[in-house]
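Here's the structure, in structure tokens; my notes come after.
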Amino acid sequence: MSNFKLSGIFPPVTTPFNESGDVDYAALSSNIARYNEDGLAGYVALGSNGEVVHLSTEERTRVIETIKRGAASEHTIIAGVNELSTRSAIEAARAAADSGANAALVVTPYYYKASMTQEAFVRHFTEVADKSPLPVLIYNVPQNTGVVIESATIAKLAAHQNIIGVKDSAGNMGAISETLRRSPASFQVMVGNGGILFPSLMMGATGAVLAIACAAPRACVELFLAVKAGDHQRGRELQNRIAPLSHIVTAGLGVPGLKAAMEMLGLVGGPPRAPLAAVSSSDRERIRAVIRETGLFPEIE
Amino acid sequence: MSNFKLSGIFPPVTTPFNESGDVDYAALSSNIARYNEDGLAGYVALGSNGEVVHLSTEERTRVIETIKRGAASEHTIIAGVNELSTRSAIEAARAAADSGANAALVVTPYYYKASMTQEAFVRHFTEVADKSPLPVLIYNVPQNTGVVIESATIAKLAAHQNIIGVKDSAGNMGAISETLRRSPASFQVMVGNGGILFPSLMMGATGAVLAIACAAPRACVELFLAVKAGDHQRGRELQNRIAPLSHIVTAGLGVPGLKAAMEMLGLVGGPPRAPLAAVSSSDRERIRAVIRETGLFPEIE
Amino acid sequence: MSNFKLSGIFPPVTTPFNESGDVDYAALSSNIARYNEDGLAGYVALGSNGEVVHLSTEERTRVIETIKRGAASEHTIIAGVNELSTRSAIEAARAAADSGANAALVVTPYYYKASMTQEAFVRHFTEVADKSPLPVLIYNVPQNTGVVIESATIAKLAAHQNIIGVKDSAGNMGAISETLRRSPASFQVMVGNGGILFPSLMMGATGAVLAIACAAPRACVELFLAVKAGDHQRGRELQNRIAPLSHIVTAGLGVPGLKAAMEMLGLVGGPPRAPLAAVSSSDRERIRAVIRETGLFPEIE
Amino acid sequence: MSNFKLSGIFPPVTTPFNESGDVDYAALSSNIARYNEDGLAGYVALGSNGEVVHLSTEERTRVIETIKRGAASEHTIIAGVNELSTRSAIEAARAAADSGANAALVVTPYYYKASMTQEAFVRHFTEVADKSPLPVLIYNVPQNTGVVIESATIAKLAAHQNIIGVKDSAGNMGAISETLRRSPASFQVMVGNGGILFPSLMMGATGAVLAIACAAPRACVELFLAVKAGDHQRGRELQNRIAPLSHIVTAGLGVPGLKAAMEMLGLVGGPPRAPLAAVSSSDRERIRAVIRETGLFPEIE
């Protein structure tokens, strides 16, 4: 797995829809072309921000293929696997491999919450990793799932040769630190929360998968490079710039907010699929104000 | 819709799997044949207890068809629609109609929790009800979804001519009472929690969809009939008998526990699909003890 | 303990404050004089609605004494004990006995939430009951405490000869039913939630301690008597009348809302102590509308 | 307030009790004498770890006086104010001033959770700060209180001239960063969670109040000095050493665990007051193993 460039910044690419609600693959390609200029390590297809749970099986395949085709050869393509049974997670990982993905980002199952013990997670990820043709990243996102995989469980799963890392979006800095401390150095800990990017990198996180990187990829890459270069002053300053924008397009307004911010910054956003709804015009103004506040986009007045 | 016999008890039929993990349709048919003797009002296919989230689209179709074929002509068949986008919920309702279902039990969408406002629920259910060929029941099950649709929202949706009721599994007696109070008399309020069956019926609930009715259908039907007949003493006594069993096969051990209890009572249970796991032998003994404690099954020693 | 009239309705009496924020004992007496006409079983002093946590030790003593002096001889006086250590709970129970209370309503300790296991509750209530000169009622109110004492724990504590019952304000009908089922018949289960009064009485609850009984004591007493008389139709109808008022003065607007409702209904309300604040004038109008909606107070136009 | 040395590490001093459950002031003095060698910035009396909620008013006074008397002249003494009404919080702040404290650490009120809006917090802290003779630190500790004061609210309160800072124990790195970003540079942000000490200091926190500093004060001080000196490698290494010990004596075993760890490390621990209970012998062994694992105490074998 030495060829994996998980070190760095990955945007969880949004899926554009046209006015009739169908996936706009051309728009997706044009976003990827823009991102290719930005020093990103790769792309996550079919993440939460990609509205994976709103896409059909066929659409999921085409989204991966479109991103793969648009990406540069050095980019790593990570495909989200958001399935509720072990059996369908394995199928989705196989389909992702067939579509050209390089790794699978497999969410913790989350429907039968009372039964989703840490033992259930161990069983699920072990079986998926045994049978997946792609290396597996564990995906922890309690904001959406309502369940948490603990650091001790992740550390146990890190011993599996086909489980290469975790994307942790919970925003729990103590837990990310504990995962880093308890896992082998080769285990890839990716932070999934723009509000704690700088401190996570300071604690040793390998990289990040961030909603905010869909709207402001360069600022995230610069922050990453500043930390790598030991310029902690600069890292902290950039963290303070991206934090409010990160907050409003995740905890605040979610995917619709992220898509609105992307539009303001020259990318294709577009409407989300229902039950999500486009942001109101007043929320759009709030986003614009926050973008200005970051000081990162002098072109936005 | 006057032909709907939603008044009464509906089991949310479990889906049996064979040892290789495939759906055992013959076993499903044999369970339905047994249930046909028990005075039930109909069946819910593809509910949470039916492991709908573990089934493929094709399996979902065949499960509905199998139950429909096995049911008596007077039985109402309600099909669960457990989808995360409005678009796919409409598709699933259409497919359920094609498979012979009489009504669709549509879960609140639950992935983007922070965006799942009451307004989002209104939009979702209105659009689904507009386009569904089947009358719609709202499904509230926060134990699994992590979101709650409020009584005021349900009451607002009750004005839609294609939204005929709600199945409320939250176990919140105050909320069920408020829904009953705020909705028109024709709106069908079904309780989905065996621990509050008797008090819900006393407050005016039309009927019930209960996991425990998969294992102990006759006791549930007897309780229902006792309340209808004004025999409140008997209703309360039966409530006290079914409550501990209801608790252990829902909040306690979940679907695997329910399947184990069904086996002890002469039905086909079988293993759940992963990430759920069969109950341990010690849990099996706990279930057996609770079955004995109910005093409802003298044949179980 | 045969002389305890826990069967019936108890208001958790509010504590009036004058404009300078001191306890207005005369106003308290006048409220009690009004309540004495209403068929109540007794009074709870120093409950959550009595703002016990806002009162000094000396004020607590005088509040109990004032209520005791104003009550009729047949009334039972229950004193709230809201302390975070076992040691101080015992002291408070002793002080309550000295002030003339007949029973102590002892809240689950709630500060060190992670340590408040069911075992901790058993230790706490056992030691308090061992040393309290007054019989003890367990008080479960997770809305305020953030902790829950389970039915199994309550049932275990019910074996202690000085623990005579529970006031359960959680609003969890299933849990109240389980407590009733698992406890001896002599154990007094008092519901503390106006939204589930009728169903709780139908399941066998002995009586109730209800915020709404501070504003609408007669309706609560009538409901209680209707159930005793087997007039379930009337019980349910009254439940539907009190429910919205109960909701707005508890879950909705809390103690300030309850005090505002009391004022509209001819009792002394007055401002709460900070950090609580008097309700806004628009909230006051909402309360008035709900009072009208109940149809119980033709004098309110 | 320029003489405040809030920059640095403060232990929230535990309160030792003797076998009869009374406060052991001599033991408290001996702990302070030990701590005086460790480079700490001062002491917090009457914090959560000091079991403030288990102490009488008189005991609270003597605890502050004892710590004040034992501390070196350059030490800042911060007194916890854990009261549920605004009125009693003001009284406690006045009493703390009389006992020699230099600042008051005032917890968010937490009983009437549904009424504890951000506006209620603004009113409470404003009135307390207006009337407190001591400068006020806001105390956020949702693990114990079940309520959260938000960064935006803290930033608003930071404009009050007598509110000098916050101790945030929630462990939410994103929120601490947001508080730092939105508050004036002079506002003192103290982290209250040992699991995120290093990243909080990297983001600009002034100092820390940490349970773990009661057991391992020198390691915390060294970490603080390493960050001040720009030795981030050393800071991270120390973070990884203290984290597991911090976890087991806070989220894991709480105050009883902290007291047990202190005993193993040559300080006076002793039993907590009920309803807290001394740790079991097996938990004691777990703590000892974690102490060894830190590598910070070669004398512990």
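The letters A, B, C and D name the chains in turn, as written, and every chain counts its residues from 1.
The rule we apply is simple: a residue touches a chain if its C-beta (ideal position, glycine included) is under 8 Å from a C-beta of that chain, and two chains touch if they have at least 3 such contacts.
From a predicted model like this one, the values you see are computed outputs, not experimental measurements.
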Note = The remaining chains, chain B excluded, cluster as one piece
Inquiry  = Counting contact pairs by residue number and requiring over half to coincide, which of C-D, A-D or B-C is equivalent to A-B?
reply    = C-D
Key: Cα-centroid distance, chain C relative to chain D, in whole angstrom   = 35
Remark   = Whole-angstrom distance, CA centroid of chain A to CA centroid of chain C, is 50
Query = How would one label the connectivity among the chains shown: line, ring, star, complete, or other?
reply = ring
Query = Of all possible chain pairs, which ones touch?
reply = A-B, A-D, B-C, C-D
For the chain B and chain C complex, residues of the former touching the latter = 171-174, 177-178, 181, 193, 195-196, 198-200, 202-204, 232, 236, 239-240, 243-244, 247
Partner chain A, residues of chain B touching it in the complex = 21, 48, 53-54, 56, 84-88, 109, 111-116, 120-121, 123-124, 127, 143-146, 251, 254-256, 273-277
